[in-house]
Amino acid sequence: MTRLTRRYRFAASHRLHAPGLTDEVNRELYGKCNNPWGHGHNYVVEISVTGAVEPKSGQLLNVTALDDVVHREVLNDFDHRDLNRDIAAFHDVVPTSENVAVEIRRRLATAWPAGFPELAGVRLWETKRNIFELTHEEQ
Amino acid sequence: MTRLTRRYRFAASHRLHAPGLTDEVNRELYGKCNNPWGHGHNYVVEISVTGAVEPKSGQLLNVTALDDVVHREVLNDFDHRDLNRDIAAFHDVVPTSENVAVEIRRRLATAWPAGFPELAGVRLWETKRNIFELTHEEQ
Amino acid sequence: MTRLTRRYRFAASHRLHAPGLTDEVNRELYGKCNNPWGHGHNYVVEISVTGAVEPKSGQLLNVTALDDVVHREVLNDFDHRDLNRDIAAFHDVVPTSENVAVEIRRRLATAWPAGFPELAGVRLWETKRNIFELTHEEQ
Amino acid sequence: MTRLTRRYRFAASHRLHAPGLTDEVNRELYGKCNNPWGHGHNYVVEISVTGAVEPKSGQLLNVTALDDVVHREVLNDFDHRDLNRDIAAFHDVVPTSENVAVEIRRRLATAWPAGFPELAGVRLWETKRNIFELTHEEQ
Amino acid sequence: MTRLTRRYRFAASHRLHAPGLTDEVNRELYGKCNNPWGHGHNYVVEISVTGAVEPKSGQLLNVTALDDVVHREVLNDFDHRDLNRDIAAFHDVVPTSENVAVEIRRRLATAWPAGFPELAGVRLWETKRNIFELTHEEQ
Amino acid sequence: MTRLTRRYRFAASHRLHAPGLTDEVNRELYGKCNNPWGHGHNYVVEISVTGAVEPKSGQLLNVTALDDVVHREVLNDFDHRDLNRDIAAFHDVVPTSENVAVEIRRRLATAWPAGFPELAGVRLWETKRNIFELTHEEQ
């Protein structure tokens, strides 16, 4: 069995402000990430798949086919967008990177093509210092 | 003579929308960078100074003193902010990286301490692929 | 227990063309990776070993000893070579990164010195965006 | 469940010289790492935590709270220091990266705040080529 | 005046073998880069333009327009190709990175659109350690 | 004319303590870089040469020949060493990166082989954030 990880990038803005908490608690909890007008990141998202290599092609999957799914389900909506306002899932859920990773996995899992190797992991880099990971075992 | 370059990072959002142009022209000109709610980046800014090394200290300048100026004049206002709305200079100037670099240099040049070596260059990385540079000769 | 990962680099060319498939299917399957004259990459290969630290030396293994094995078994043959023509294993197996990783592991496993900690993983970066991994559990 | 990894940096010097071995064996064992006056590295240390995201905040933990612990327990003592002489743990234990990672984990585990998600991994980069990892399962 | 640098990538193979030299001299001169079947790299090419920012758009040039030129004139021909055999310019000129950079600049200069800011520099990374640069002043 | 930059790495320790200043002034001036037992870095040094490409070889210079000079004159003495104690030049000159870059250039310039293209620049990365550069024009 083999694990293939492919990296994608998107640039987006967000603001951390939990709807169920007061303004004061939000400021304390999120600090500068709660600044009223938001801020942004160059996110990196790594999608990992695992499975057996197809003997004839010598490939786990066709990367172009994976790209199609990731662009259609995630990047077209997330890249050069404001996560709070452009993504319905974040209208009432705070777009922390933990939650952004969950939403990316949910979108991929829902649209995952039959015949694709298993979706094994989603890893989101908010910055070079903060990395969030959802692994298969932890789902 | 020696040139010292020091790197800083800030995360900010922006939207490219030129106030003097119609909505349609803005969409054509900036493409997805014109998306209504904006997006964001992990910017890297490199500040370069040049001059003669001070013989006793063996240093061009004290990096902590440079950090103080860059944080006070630039990062405190730019980091985790929306450039269009949080920075007065971008209320009527479009915050392209070209203009952001100019504003960073303007702020530093205005507050540049006497006795500091010359402010020789400002380089702004919007992403790993797009790098904008103002050099001394070009000022 | 500790896991040590050490990175090596090699520059090589390859062409994806499966011998058991027609030219047309090869073109469809591999796209530009099937271009007749091949192309190349700066590959990065990460070798991971796991085990208990030897108390006297405070080391999992002597990195120089690992380097000797990796150079002798892999890099001397792979670096600055054409994988399709210079590596016998790829005369009838298509040198996708999945298969290159398997061949690297096979060579290391065959020559693995007694007394070395366990060979726990082989990870191959074809580019910064495509990463292929064989882990111990998956063997 | 989610895994958050946060990266920290420290610059330190060390010398590999095992107290229980002769000078000659030390020279053979560690090569240039045994040079009498020592050398140094820009270390990168990655701390990973795993657990369930707190639904209200959408976060696994408050990163500022993690930073406080890592600075107080590790970086304040390790950054811009000589590991052999400034860290008591290395007065009679050789400060290989394997042992440095163990000492970092020991310090964090001892001071780990109640209510924090589980300390799941410590990964230490000595250079870009040598990476040492302690995972939860391997403790 | 501002300088914008944009990075592109291409994967290609090449073999260093100067047609005007004997096989023996070629082997001595290029070492393993002369291996008969060639090898390859993930090249990075940086294109720099300089000029005055257009006040209305706040941009030096439209990056999409630059991308069109670079893809059409360079990347479509160079990416996933063998430089020696797929690029006519290298049928009788050895495709060292010095010469590859010159050919890239020649192609861009020939097709450079009127109204574009000045083509100021071409920089080619063969690997992370070898960087070749042609600057405007040096043309 | 072409400019070739080649990157080298060395791991070394140093302590910033100017012999002509009191202990108190040293502490104030250098802060934690003055810590008594020193600290260290993974330095990166970039050597740039400029000149005309030799038409037959298509190369500015033979990189192996450059490597020989840099290893013999610099890396053999600097790598895995303590700059203050192992390098005579720093017995009475403080080994700031400004001064380390000057010493590297001095060593290379002294031993520069006849027939080599011009030594055009020395750039020293102390960390990813602090970069020191000596250019030809500034000598």
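Chains here go by letter, A, B, C, D, E and F, matching the order in which they are written, and residues are numbered from 1 within each.
By our rule, contacts are C-beta pairs under 8 Å (C-beta built on N, C-alpha and C of every residue); 3 or more make two chains touch, one makes a residue touch a chain.
None of the values given here were measured: they were computed from a predicted structure.
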Determine the set of chains touching chain A that also touch chain B.
none
On the document's contact criterion, could you list the chains that touch chain A and likewise touch chain D?
C
Centre-to-centre on C-alpha atoms, which chain is most distant from chain D?
E
Taking CA centroids for every chain, report which one is farthest away from chain B.
C
For chain D versus chain F, which are copies of one sequence, does the interface use mostly the same residue numbers on each side, meaning over half shared, or is it different?
same
Note: chain E sits from chain A at a C-alpha centroid distance in Å of 34
How many Å are there between the centre of chain B and the centre of chain C, using C-alpha atoms for each centre?
42
For chain C versus chain D, what separation do you get between their C-alpha means, in angstrom?
29
Please compute the C-alpha centroid of chain D, do the same for chain E, then give the distance between them in whole Å.
42
What are the residue numbers in chain C that touch two or more other chains?
128
Show me, using the given definition of touch, all chain pairs that touch one another.
A-B, A-C, A-D, B-E, B-F, C-D, C-E, D-F, E-F
Chain C residues within the chain A interface of the complex
16, 18, 20-21, 29, 31, 93-96, 98-99, 101-102, 128-135, 138-139
Residue numbers of chain A touching chain C in their complex, please.
1-8, 50, 53, 56-60, 62-64
Seen from chain C, its contact residues with chain E in the complex are 9, 11-14, 32-33, 35, 37-42, 79-82, 84-86, 127-128
